[in-house]
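Below are structures written as structure tokens.
One chain, subunit A, appears in both complexes that follow, with subunit B as partner in the first and subunit C in the second.
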Partner chain A sequence: MEPSTSTDTQRVRNKRPSKLTAFLTSRKIAPYVFVTPFVISFLLLFLYPMIQAFVMSFQQVLPGQTTFIGFDNYERLLNPTFYRALLNTSVYVLFTVLILVAAPVVLAVFLNSKLLKFKNFFRASLFVPALTSVIVAGVIFRMMFGESDSAVANEVLGFFGISPIDWRYGSVSGMFLMVLLASWRWMGVNILYFLAGLQNVSDELYEAADIDGANPIQKFFYVTLPSLKPVVIFVSTISIINGFRMFEESFVFWQANSPGNIGLTVVGYIYQEGISQNDMGFGAAIGVVLMLIIFIVSIIQLKFVGAFKED
Partner chain B sequence: MKKFVGLALVPILFITGCGGNDGSGGEEAGGDAEETEVIGGDAEDATELTFWTFNEQHIGIYQPAVERWNENNPDRQIELTAEVFPIDQMNNNLRLALQSGEGAPDIADIEVSHFGSFLEGEPQFESMNDQVEPVLDDMVTGRLDLYSKDDNYYGLPYHVGASVMYYNEEIMDEAGVDIDSIETWDDYIEAGKQVTENTDAMMTTIETTDQFTFWPLIAQQESDYFNEDGEVTLDNETNVETLQFMKDLIYEHEIAETAPGGDHHEEQYYGYMNDGGAASLLMPMWYMGRFIDYMEDLEGKMQVRPLPKWEEDGNRTAGMGGTGTVVTNQTENPDLAKEFLAEAKLTEEGNIDLWTELGFDPPMHSVWDSEEVGESNQYYEYFHDDIFDMLLELNDEVEGLNITPETSDATNEINTNVLNNAIRQESRTPQEALEEAADSVRSGMSDE
Partner chain C sequence: MTTEKKEKWVSILITTIFAIITLIALFPIISLLIASLRPASDLMREGLSLFFNPAELTFSNYLSIFSDNGQQYWRWYINSILISSMLIVLSLFFSSMVGYALAMYNFKGRNVLFVLVLFILMIPFEILMLPLYQLMITLGLIDSYLAVMLPLIVAPIAVFFFRQYCIGLPKELMESARIDGCTEYGIFFKIMAPLMGPSFAAMAILQGLTSWNNFLWPLLVLRSSDMFTLPIGLATLLTPYGNNYELLFSGSVLTIVPIIILFLFFQRFFISGLTVGGVKG
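Our next item is the complex of A and B:
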């Protein structure tokens, strides 16, 4: 026994070039090595700015003169402009979540159907908007929805005998534009999630439904939808979060200022106050409140759909 | 289903992503200059200076200034790199650079309504007093005061910015109106009725997303957004009446309409005006360049006149808009940058260039009757040759503006809420709209 053991240890020793590598690749340490890049970038790029922003929200930040002003920034937050921004953002979130969950599910089912011809063409064309720059898309949308009678959207309305609309000046039409741009842009991505989800729905379930005599609509509601529940939760969660942090869709239509603040979002308000008006402390306070709102809404939503339950 | 617990992490990851305008709109938010021009690149051993601006036109006066400087100072050559950004982006970049203490240019242009907020705290600019004081007597001092704080002059102006009325003579003739007969706003309204009756054009357009109809009109009556002590006067009687007057031009007298595109700097507006959409336009002198660049068909048809008066002995103009050029405290060559900027803006040659290159009414009044200013140039060709005489007459009537750190706040209220709600949507009376705006500005002033 003795000699054989010694050759074994020898062989093992030869395979280990250094103690450091051995340490790093040991079972206990390796996981930490792998997560280090993420942890470092999280600490530097997320946690540090977050704490800094939190501190800043209690300050008046001016070049060379930074003073603590207690809750002043938060007190000033209770103003009609902020309420307007919050309202706009909430309405936007509501509509984008409804549209960007319901429509992609239906479209994904169609795209997954064996009966549909030119499937790849439709898949590709629905996905392409996600690849375009929102700035470029915004320019095109702004032209389509111009105020003149000859803008595309007003031409279409004219065809149905409806008089032209000042799209970018009304609060309802303004919201419509933002939701439309977002829906157009993210539809393809969400379809992709649902298509992936559909590949996991077992054929046996459909066969069983067939045997029970279910029609296509019943199959959709009783087989497809329940199977897609995890994807629905995921898509609605990211839609809510993206909705609350929306900025570009408003920016491309109105830049920093929209008439009557119809396009002002919470993030837009941070930009306006913090950067354009040189009031970083106030901007930071808005950011902190927005963070709390997103956190609470997300928790409620996940709780509501039962994402925390162990089943 | 354990995997959902992992999902709960998702919001946290995304939340952290929104701690400050992340870069997804990056095409506009950060980004490079739209255009970069290097002036004096052939100079040897030249010191490099950078200059940020939001108006490409402004570069026009630095070209000859660099040439003059390099000729007169062979041992202190300059190479000026001028970078043009969209205005919001330039302001943001500059603000963040000044706040963080690095990345600012040597020289920068700051538009007047934002200037006040740049002076909050300790101004991060070099005081220009040593350059300004020797020539102070030759300057329209009101324009220097706009860019000063605590007796320090920080910004040098481009122009006096006298507001004037541009008339399209072709339309006025067709309507049978002699523009020289228009002396008061009542005359103007009467003339407007003749225009709308006899031609297809409107008398004028009113801005609803920018302030260059409202501000000149109230400034002409010596009112403003703030008084001399920096208190909000946005909702005073004059302002309310003026806003009502603008509204009446559209809805009661039916001689005006809202500017296509929202204001007088929109593609839609240029096209509309160029096609003879309106017979007149209230804008400052510096708007002449826009006519030449964007409205070619109107060459030779436009006439420039003083504004109609509110009262018999009232002012016929108002100093409007403007940009202060500053030297930042991050420059490595403060003396060189300051002396060069003075060469460009505080010399007679520089002020003559302001007129001949940019069509701006120069703030140094000693050049107003000089020979060079009288010589024909593209502005005289486009607008007829009596414009400068008219300016000379008007310049005594240019009142200063009261610029405060909250001016950009007030501007923002006017451009987003007041004009839109009171004029375009008619959802508020002028009184209500201005009161709401004034309250909002006051609440932002807190107790600093």
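Our next item is the complex of A and C:
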């Protein structure tokens, strides 16, 4: 009896060299080891900066000394430059969301149709702009929308008898450039989202519509669009968040300073104040306000498209 | 017969319209290719014109980038390649582990962690940017590769993607591996990870492209020209004086062409990688 038990324990010992290893490789502990990188990254690179952003927004941050100044940073936000940044960003969000939902839906429906030839080629080609960095895209757009009469955009206008435009120096044309650049880059990606959504629309719905004698346009509005609602909600939500985060589309046209702030965005303002002016407390306050705005706008948007309604 | 004919015409019409749309979408890239073959001084003076003299096309911009003049550019190129490849390795390793654990194990806190992943996905990075920048200064990481990579290493988007992918993997394999005496880590690295191939490919492309094109964060943490990545370096050439336009145009082409070539070969993975958000939860 006794000898056999000792060999058993010995065997167990041979298999599991130490208690610590046994503990670390146990089924209970392993998942925690696996998620450790996320927990560390969450604490250090998310939670800490998140709290710090709130704290800093109530401070004047100078090298080597920080002082608590209450709501001063937030009061300073009530200035025309911030309003301008907010206005620019809001207009940009509005247009990019409208364009980047409406146009990809229509293009995706055609790309899904049996009547279109060379589908794969078109789908891939429309996706290519998403591969370019904003900076490279900006280099091209600046050349195409140059001030001279012989830049492409002005040549096209000249063809229609319209006089050349100083694209980068007007507030409307400046906004047009930023919206165009973003729409160009994101169109192909959003088309893919809608194409994926279209695969889930059942053919029976179209057959039923055919029996009812619906024409293609009616089918689009009464069958396709309602079936794509989840994708519309998803695409509009990410477009809103990405729109409010916009910085690079403005930077490539004007660097950090645009004439009359026509290209200033909220994130651009964070960069200007927090980094260029080294006023981190104020920059942090802009960030906190931006987060609140995104939060509120997202909720309004989700209500508007009816994401909370069950149907 | 008549409907067949009608359909044929509609088909030709739609295809023609798409050909035009595609041409418009690709026009900027084609323009860049042509622009890189034109004398930089002309571009500075005239902007990019539809009308140009084909006889004037020249490789001089490319000669310039391969001469002493372009040394700085290749330095940025190497920085970008190093940062992107290191980031791909690190972030795939860590993010796949986390996503795998969230999908395959039932443990206390799992749901909380998953909600946190989704929560981070919704918070714009730009809000955390200033405190993170301060943190990099405190840690003495300014102007280092590590500072550029750190915020992207455990990317919540990749964790989310791996989790969704792993949910579809057969759990029975884990059981039989355990019976064979495999440790939990052995199961992941030897048995499950090889089954996750397509998800690794998709995330390698997403993380690689994000890093290759990343702009705002590297702009904050990189100081010296020797450490710049391609987008940051190219942006410094984008001056109104246009004294470096030879490099700017040939350099831009050489920045996007490798990516487009990769896209032609790995289209499927580009598409699944760049449309991650659409994965159903």
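A few notes on this one:
FYI, the second predicted complex is superposed on the first by the 266 of 311 C-alpha atoms of A that agree within 3 Å, B and C clash if a C-alpha of one lies under 4 Å from a C-alpha of the other, contacts with A are read in each partner's own complex, and residues count from 1 in each chain.
Note that in this section a residue touches a chain if its C-beta (ideal position, glycine included) is under 8 Å from a C-beta of that chain, and two chains touch if they have at least 3 such contacts.
Predicted, not measured: the structure shown is a model, and the values here were computed from it.
In the superposed pair of complexes, A:Ala30 makes contact with subunit C only, with no contact to subunit B. Contact with subunit B, but none with subunit C, is seen for A:Pro80 once the two complexes are overlaid on the shared chain. With both complexes superposed, C is the one of subunit B and subunit C in contact with more subunit A residues.
Within the superposed three-chain model, A:Glu248 lies in touch with subunit B and with subunit C [touch as defined at top]. After overlaying the two complexes on the shared chain, residue contacts for A:Pro259 are found with subunit B alone; subunit C is out of touch. Once chain A of one complex is fitted onto chain A of the other, the partner contacts of A:Ala124 are limited to subunit C, with no touch recorded for subunit B. In the superposition on chain A, contact of A:Lys219 is made with neither subunit B nor subunit C. Of the two partner chains, subunit C is the only one touched by A:Tyr193; subunit B is not. Contacts of subunit A with subunit B, set against its contacts with subunit C after fitting on chain A, overlap at residues 42, 46, 49-50, 53, 133-135, 146-148, 234, 238, 241, 244-245, 247-248, 251, 255, 267, 270-271, 274-275, 280, 287, 290-291, 294. Looking at the complex, you find that subunit A touches subunit B at residues 42, 46-47, 49-50, 53, 60-65, 69, 72, 76, 79-81, 133-135, 146-148, 169, 230, 233-234, 237-238, 241-242, 244-245, 247-248, 251, 255-261, 264, 267, 270-272, 274-280, 287, 290-291, 294-295, 298-299, 302, 306-311.
Of all residues in subunit B, those touching subunit A in their complex are 1-5, 7-8, 10-12, 14-21, 24-25, 27-28, 88, 91-92, 95-96, 98-99, 117-118, 120-124, 208-209, 260, 262, 268, 405, 408-409, 412, 415-417, 420-421, 424-425, 427, 436, 440, 443-444, 446, 448. Interface of subunit C with subunit A (complex): residues 7, 10-11, 14-15, 18-19, 21-22, 25-26, 28-29, 31-32, 35, 43, 45-51, 94, 97-98, 100-102, 104-105, 107, 110, 113, 116-117, 120, 122-135, 150-151, 153-154, 159, 178, 183-185, 188, 209, 212-213, 215-216, 220, 230-231, 234-235, 238, 248-249, 252, 255-256, 259-260, 263, 267, 270-271, 274-275, 277-278. Contact residues of subunit A toward subunit C in the complex are 25-28, 30-35, 37-42, 44-46, 48-50, 52-53, 56, 107, 110-111, 113, 115-118, 121-122, 124-148, 150-152, 154-156, 184, 187-189, 192-193, 196, 231, 234, 238, 241, 244-245, 247-248, 251-252, 255, 267, 270-271, 274-275, 280, 283-284, 287-288, 290-291, 294.
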